[in-house]
């Protein structure tokens, strides 16, 4: 069973989507490590190292995603898991913004996939399967 | 008491505004000749001649105003009341259109004043007073 | 021939038909032979039959949605309707232009040509007669939903012939509801007679096994019409239609604004239409109701207009009505764009679906209002029948002559125009001046009391000023036109 | 010091205050001396006092409107609030950013700087503590309406000090409602103790003749919260606040979607809050209610979102609530623009004004639901008091430990998280899994029955899948998450 770390980054407490993601990925046959809401960058990385996860799936709903996710890839490299796959989704910036620009900003932070608001976890399942090789 | 001819032009049956206009202008001290709905260009002109009115106030609500009002000024000239004041208001064209263009089209038909949708008769009372000289 | 509420014989019907079809060149299309039209109608799938889909709404206890829409050119009209279908409409309309409504087909033809030349709509609807059976079929075949002609035509005989032969399975209107609010000088006996023909046509198709829907136009002038007046008219038109053999009838109502009165009106309309049909011996007619979103003057602000649309949808759903006619955020300005129409459909449908099967049925107030409406309707219909010495059609003509039936704000000279409505202190639509309306004294006393209560609350006399203030109020954001401070 | 539901002495309060004000540099502003703040508050005109304006709404029996809004920079925030005022808001908010909510003032400072540098908001709200009394006063003085801090802060002591001293006459939150849904690891006794301070501060002002409003946050997680759970929490927080001397309390409720259950919940909330306050010896507290437009996941389509907003407004008005909190058409995407916020205010206000004083009060179903909610609330509060051996504050801590109180979908580890709600066949929010919730057996039986009825209707087992489906359903346009065919 492949392991995926999920959680909600920063000072963000939106717990509902997180619970649904856990439920959905578990049902889809993954080993889900859910570090929950209010998780720091370091919490994600530590959980990934401990469980030898291949994918970190970051949720950010509350709008501070851009501040919270800065340096994510660098920190992964520092921690020796530089080639882990990074996803981010939810409502990752403040307000309604042009998503192509937003995506660019997060790709530059080192994320592999960046999802616009309203992308439910079901819609990303295909990507996950593809990226984790099945 | 100055006389004003009012009515609703063409195949238009919107009667409510017409009744309110009659009520309002009468209250404002005018002699109102209301030819009602479904009135032709000729009906307006005949009524104006008969009552020696100085102002014809045309309502068009249903969207065919542009077709119905064509030739209004010319017909007035033919009938010998070429310098009568002509107003038009209501919802005078089909659909939401740029009003400066619409106004231009009706001014060219010889109307003196052209009102956009949502102009209640109260708002035009000032113009009437000014144009009829008080 | 004297007007009577009696089914036209097949002979009379076929005789009249010749003349009807000669009204405009498109009437000579062989597709109008019943052999052709019946064959065409028989192959229309169930889900495109208006009457059958309404039965579905009734069985499932849900509120379906229909917009208003019509543009002069066939291809444009198809684009428009397809767009509205995709937005979520359950039924499609074709709103007919005002020249066609007055049988002025020559001017309609000019309007089509001009619209083509200038590339913008100069007619306010779809001129179905001019487009003929072929044009109307093109429309039907391009969409997946049942189609209905919506108009306001005192003499809709040719229109009905052409649209039904083209597979449009419903026709809106009636001898009263498409005359008094929509014409100035068409005598009532004439329009009633014309609509007997339209109904007989549907009855004929019914005899051949094709069910079509007929829908009396409920809201009338759309302006402060007391529920009992519009319900009475709807019931009468249902009875007249049933006499001609119509078996699937939707009676309509335009939202008034007091939620309890609105729900009561829909309940009363359903109850009493069924009851009167029974009483007149029509035992196999399927009755459904239609709720019109606010039909009076709309606010110009689009957010407010959308709020009114969604609020109307809430009330409609709670009332348990089977079909709701939608408005748009462009209502106060002009014929809406397809986008504006689509947004309103989406919003309306969202509400009816979300609140699906949440009904308001109990509450003393609701029962009181329903019974009040029913009492008033009984009184009106009783006066009508008396005036007609037992004949309903005759009675209608006499009742309008004498003002026993009288529709506020109607343009027709065959309407006495002596009734003035106004809201009471809770926003219910009541009557301030009865003229000669067929109300018993106790009913009048109730209305007087209610209006007085409001006037006192506002520290003013009972006068026509209340009516005028109430005409404007909703577009300004108030239900009741209270005197303003400034 | 052990937590007890007992008014803090003035000595305790002043002692603690020193420490509170030292939490961030803006705490040392002399404007925070009570002599200064009292003088400032005394000159605030009546119409800018939140508590007094709510009393007005209650007396006039109307539903007033408040949006959510907050941006990081003072001048931008002023522009935003002025815009919303012009759009028709009756009360103004300042939604506080998430760093401030976690007392992470250093990060908030960074967020302000970055937002200034980049010219776009990088914080999701107004960092009131960092802006200090002066910044907050600038906001108040630039607008004409009462101002309230709306946040989600377990330790809001410094925030309350600063905003009240700046003339913001209301504070939202409570020891439960701003902890369990908003934090992961803040112990409940700690947040309850912090909020005693916030309430004591308001009580202190009250003693000096300045009435401020306090508003427990009703919707909690905003996601399928059964009315009895949120009502119980609101009532408990009202009791805790009253003990500290608060005299003007608004209890809130987030719309569930079944209209009758929603109206019943508001009625029960008003009744029981007053009843419990009486019972606890607080006889002079003014209670009002707050209705939150749909608080769960919103549809992305803006027309549908607007429909949901207007529909929510209809229900709020019919319930007779005194204040309604609005959402926007951007809800599912991100913090709204001021324009989107303004449109929603206009739409919401249009409905509340149009339907003004139309209440739904009778109907057997409504009374049944209200009594059901009241029974459940009584059961919950009884269990809480027993757990606390008579002390309410102690009881709350114990009740959450044991799961006697348990809020669905809450992130806090001090919440047992064993309660799973789901809708019944009419869309009422019921409970599928009780965990250890403080319900008597007959109440549980009722819920089980209702959930079973729905599951049977959908031909499936009673399982957590119902809950999951119901979380998504409204954003997809259905109230009940029925299994779809595809």
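By letter and in written order, the chains are A, B, C and D; residue numbering begins at 1 in each of them.
The rule is short, and it goes like this: contacts are C-beta pairs under 8 Å (C-beta built on N, C-alpha and C of every residue); 3 or more make two chains touch, one makes a residue touch a chain.
Here the structure is a predicted model, which is why all the values come from computation and not from measurement.
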Hypothetically without subunit D, remaining chains sort into A | B, C
Counting in whole Å, what is the centre-to-centre distance of subunit A and subunit D, each centre being its mean C-alpha position?
30
What's the distance between the Cα centroids of subunit A and subunit C, rounded to whole Å?
55
Determine the centre-to-centre distance between subunit A and subunit B, using the mean Cα coordinates as centres, and give it in whole Å.
66
Roughly how far is subunit C from subunit D, centre to centre by C-alpha average, rounded to an integer in Å?
45
Report the topology of the inter-chain touch graph, choosing from line, ring, star, complete and other.
line
On the basis of the stated criterion, which chains touch which? Give every pair.
A-D, B-C, C-D
Counting only contacts in the complex, subunit D reaches subunit A at residues 98-99, 101-102, 104, 107, 110-111, 114, 120-124, 152, 181-185, 221, 223, 297, 300, 330, 332-337, 340, 409-411, 464, 468, 471-472
Interface with subunit C, subunit D side, in the complex: residues 257-260, 299, 301, 303-304, 306-311, 313-315, 318, 343-344, 346-351, 353-358, 360-365, 426-427, 474, 477-479
Quick one: in the complex, what on subunit A touches subunit D?
10-13, 15-16, 19-20, 23, 36-38, 62-64, 66-67, 91, 93-97, 117-118, 120
